[in-house]
Amino acid sequence: MSVRVALFGTKFMGKAHSQAYRNVNMYFSDAPEVEMAVLVGRDPRETEEARKTFGWQEASTDWKAVMQRDDVDVVDISTPGHMHAEMAVEAARNGKHIICEKPLANTLPEAERMLIAAENAGVKHFLMHNYRRCPAVAMAKRMIDDGRLGRVFHFRARYLQDWAMSPELPRLWRFDKEASGSGALGDLGAHIIDLGRYLCGEISEVCAATETFITERPALDGEGKKPVTVDDAVVMCVRFAEGAIGTLEATRFAAGRKNHNTFEINGSKGSVVFDLENLNNLQYYSTDDDIDAQGFRTIICCASTHPYGGHWWPDGHIIGYEHTFTHSVYDFLKGMESGHRVRPDFEDGVLNQKVLDATEKAAETRAWVKTD
Amino acid sequence: MSVRVALFGTKFMGKAHSQAYRNVNMYFSDAPEVEMAVLVGRDPRETEEARKTFGWQEASTDWKAVMQRDDVDVVDISTPGHMHAEMAVEAARNGKHIICEKPLANTLPEAERMLIAAENAGVKHFLMHNYRRCPAVAMAKRMIDDGRLGRVFHFRARYLQDWAMSPELPRLWRFDKEASGSGALGDLGAHIIDLGRYLCGEISEVCAATETFITERPALDGEGKKPVTVDDAVVMCVRFAEGAIGTLEATRFAAGRKNHNTFEINGSKGSVVFDLENLNNLQYYSTDDDIDAQGFRTIICCASTHPYGGHWWPDGHIIGYEHTFTHSVYDFLKGMESGHRVRPDFEDGVLNQKVLDATEKAAETRAWVKTD
Amino acid sequence: MSVRVALFGTKFMGKAHSQAYRNVNMYFSDAPEVEMAVLVGRDPRETEEARKTFGWQEASTDWKAVMQRDDVDVVDISTPGHMHAEMAVEAARNGKHIICEKPLANTLPEAERMLIAAENAGVKHFLMHNYRRCPAVAMAKRMIDDGRLGRVFHFRARYLQDWAMSPELPRLWRFDKEASGSGALGDLGAHIIDLGRYLCGEISEVCAATETFITERPALDGEGKKPVTVDDAVVMCVRFAEGAIGTLEATRFAAGRKNHNTFEINGSKGSVVFDLENLNNLQYYSTDDDIDAQGFRTIICCASTHPYGGHWWPDGHIIGYEHTFTHSVYDFLKGMESGHRVRPDFEDGVLNQKVLDATEKAAETRAWVKTD
Amino acid sequence: MSVRVALFGTKFMGKAHSQAYRNVNMYFSDAPEVEMAVLVGRDPRETEEARKTFGWQEASTDWKAVMQRDDVDVVDISTPGHMHAEMAVEAARNGKHIICEKPLANTLPEAERMLIAAENAGVKHFLMHNYRRCPAVAMAKRMIDDGRLGRVFHFRARYLQDWAMSPELPRLWRFDKEASGSGALGDLGAHIIDLGRYLCGEISEVCAATETFITERPALDGEGKKPVTVDDAVVMCVRFAEGAIGTLEATRFAAGRKNHNTFEINGSKGSVVFDLENLNNLQYYSTDDDIDAQGFRTIICCASTHPYGGHWWPDGHIIGYEHTFTHSVYDFLKGMESGHRVRPDFEDGVLNQKVLDATEKAAETRAWVKTD
């Protein structure tokens, strides 16, 4: 089986997804063969350059035309969030399987439209929450599914970065609600909401506060200042449908935290802790250990016994950030082959968006809000 | 100057306070001399035994009589919370200076009554939130006061323990609202609220959820089960008066967390992280470091340059949990000598209680609640 | 400029080097363009399969013929150590630039022959000690070169693994002195000797002990047991020419240590610590920090300010083991372009081999041995 | 049973031992009762001040007279090393039980003389290598004795400090071989040799190098410079009688290492790691753990299930440096009561001294030296 892919987007995510297509067959011998057919961008020169650098066969700036090509099996949407809906609907209409970068969309109605379009078209749809496929995160999931953590009491997660702390930083599109939907909430919070749902089940209700620490920034065109219309940070309390409670936090104002996407789960039989800055490691505590020898242990999840293990390098030879995309593409390809559902998909995207919406509403109304 | 102390309470806190009185003059040569005059308990035999073990001159079971003794300068109340108010008011009436174990009281009215009594009597009053006086915590405070962290954006704290996870654990007084006021909230949450107030200023509003994971437990008398009437865990979002936002969390259901009282503060110029399980260490990140050499550093706060440093042992020779009580007693004694206010005092206790009250109300009303 | 490469070797190192050639142009836009011309192996079917998996244009089993091809610019020798000398000499004879996997050779005379051949032919020669090009290691080097560590007093390194602990493990070629030269010493020790030389200058003398904990193992053919003729572990004390002293240790018998290649350097102005199991991080201590705020800090060496930074992903998005090969190939290609020497080269390999030889001699003679 | 103690020495170790006598009965209810009878020093005023501060009944400057007092049961020698032999022999002659601060003596003949004197007199003798009684170290010992680590392959230890790095630091007695015997070797190395012997059995042979980085220092009287006649640092390779090999290292020139007494032991069934700067923690790796969940775990050795646990504070409430002295005194007192041997004793001191001697000889002769 060979799969021809068209990728829409040439920037950070375009690069990250490209390397996944480029390398998946080298490391995962049982995956269907990928052909990197077309790279689609806006600017002809930039797109051609990216095509060459990333290794695509063709470049194009006509996204609708590419959607209609018969020789494309999978469409990968790695454009900014406000373009996702239109593109995904078009892809579905043309019967293409879809991989979509997170967030699924900037609004809930858009997300729901995408889900319906994909379902109606009977195409495979997949949402790129790549962090589910850090081996250590997948290992945490295995432990929970095995019952090794028992009944889950607590989920606490935070995604902390610090790149927005300087008041001199201009008002990029990320500070503009029109373009980005929200700030730290949608950008970072969406990731930890996804991890929470993946590991602990649905979030049923939320209370929250959002804050914008720097309320105006130098305009990109150098002409004075413009208001920041998104949140710089968000704090949340949540309840899960299955009984756990949690705290979530996302910010761009945590000095020293570069990519600190971390969670801790406490269950009746043990706990796990993850931190994306050391993404190969999972900390694990088991109440089954000898009574005088209990403690949090650091599992380097790089052995053949671990999820996605044995495909890369020997034990203890760590992998990096981009490998999580390779794992995601691998699982998607296997799902295409088998016909099985591969998650997270657009339904997960819709459910994630409901939590984001509830969070914004909770912050506005200063009260707990249910997610459905 | 010599100070004669009467201590009320012979259990865990009685032991912890006793060792402070016992040792403060050995390590802090400039402190007024302490005389361990009277230990007061309920049971004559137990009290006499504790007197001998801890090193007090006399034992007594008549607490009111001891309050009236002329040869007692300081009264230390280390009894359960519901007895604090009556004892403190009596102590103040007799002109005794007062050290009170946290929580100041089980209810806000009690706490306010204690503050008024002490203020009216013109006695010194002090609340034993000993964790302020971990050298690493005091070091964090120094950094904030020096401006080394800049403007504070975030405070996130959690106090996690796991001793209550077994359903076989009987219904101790700590699971009974009548006796204990609340569960994890008042027991553990009060500590991190105090640290938040100490380091980041007043908490102005709160939203929260509380949860009781095990709703009934074996009765202490072995006769069936009795309901648990306090929270096992609490999660909170907070806003500080000075603009920071935060998350707080306290639980007795975090497998593997024995005494994990930890906080992180992010400011415009740096961050700090503390964990009571390694209480000598403070992690610190500074944006002033060389651009290619920035990172969280672990300061072992045991040198003569650190708060309370130079009194114990050479650099890198760590101290333990109980030393924080010795520091507290030392500062209290110095305050007696100088007449300066020593914090936290009963006013801090009242403000802390207001946050606890707001938290309970927020959990009940499912909405943000202001603390005043 | 375009560079056509022939790679000899299809196993672990063949895979690792292949991915470097495959990806270097994607991430390092200023590198000469690589063409993956020929992959050379022993078994035709395996080689063809590897060719396809790794992405080479042609496969061959005739290594001598490939050496003579005019359309090959660079020869990469990733075969077992005992074949390096013959291949490298042949490559040099044909005017090919050479990348050679470590160890340069199994014996000092072989290594010297390779160096002479390459020098006489005027070709570029490079030894793949890839760990020099972990960003954190390169960062340590920068700090030393900048004088940020001052005068170096101590180097302590260890490379610990645990894969050989089971007595059931059969007698692989790695346990056979004929095939492998030595055991942990040449396999792991060579790496930390290279790092020591890279960071602290030449090692002038050595004392050591080697040990074989399991002296015979099941024969590969299933017929009884065969003796292990290499060391399982080695411990060393060393003196550096510039005055520092050190300890080095390599073993395959350290339970729980998977790929624990770690070093610490102490200088008059600071210290650094590295661990390959967290290869993105460098710990750093500076005596220039505020007197009350000194501590080891963890630098995540993934920012644009760090060596090889800015080519991969944003700050805090970590890279993995194989990226160090990509960095090595990148630097080699840049060296081809500029004509500058790129190290480590065969001369480094010879010097490394001299330390290995001295170590074996020191262990045998039970005395300190000079390296020259 | 009540035990009257006379302590000789009023400085750092006098203080550390005093607190042990002062507190042992408070925490260990089953220990014989200690009476702090006499403190002996050189300077009358200083000694009287120390007496008062530390809580001794009497002060004296006549050490021989105190040795002969009938009302003294135990003599504690906490004076500098060159005085140990004379004092211990005198104590033995008077039938006193003896606690002696490490090192037992500055030379092997002295140490042997002490052992013979104590044995001939039939008195109890104990050597204060207090680090054996960190709960985490005692826990490591338990694990080894239980067979939880299996056959031991490796011991690697280092004791790193940094207080001597400044060339401005004057030539204290610690830099004078006459007064101190040796430098880092005897001061710090002796500790890790003791831990090695305690945990892995006798050290049978040694090779080593010593180094003096700063060869002269300002004279204490301010008149010019005087030579440093001891080592600043030592590196060692060792073999244990039972088959393990090891590296040991002690230095006063490791920037940032304040009290970094650390060891790692690798056995066929697991490994342990200890660091005095976090002395409550033991890292432990077990090959018995689930195959996908193996990793080094951090045991906080403060629970009632741990050595010396249950005597201090609840789980996770850590203890400090000086508590190791209290544990030592406790065990000594229990040994007095039971008549059982308590180790380390003077025989251990002699064996330790033999390793120190062999190390010095190995460094001089540049060859491996047997310890007996």
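Just so it is clear, A, B, C and D label the chains in written order, and each chain counts residues from 1 on its own.
Here is the rule we go by: a contact is a pair of C-beta atoms (placed from the backbone, for glycine too) under 8 Å apart; a residue touches a chain by one contact, two chains touch by 3 or more.
Since we're looking at a predicted model, the values are computed, not measured.
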item: B-C or B-D, whichever has more C-beta pairs in contact; value: B-D
item: Chain whose Cα centroid lies at the greatest distance from that of subunit C; value: B
item: Centre-to-centre distance between subunit D and subunit B (centres being mean Cα positions), rounded to whole Å; value: 35
item: Distance from the mean Cα position of subunit B to that of subunit A, given in whole angstrom; value: 41
item: Chain centre separation in whole Å, for subunit C relative to subunit B (CA means); value: 54
item: Residues of subunit A engaged with two or more neighbouring chains; value: 257, 281, 285, 294-296, 300, 303
item: Subunit B - residues contacting subunit A, complex; value: 153-154, 156, 158, 160, 162, 165, 207-209, 211, 213, 233, 235-237, 239, 243, 245-247, 249, 251, 253-257, 264, 266-271, 285, 287, 294-296, 366-368
item: Parts of subunit B lying in touch with subunit C, wherever the complex brings them together; value: 139, 142-143, 148, 282-286, 289, 291-300, 303, 305-306
item: Subunit B-facing residues of subunit D, complex; value: 12, 16, 18-19, 22-23, 25-26, 29, 53-55, 161, 163, 257-260, 276-279, 281, 300, 302-303, 312-323
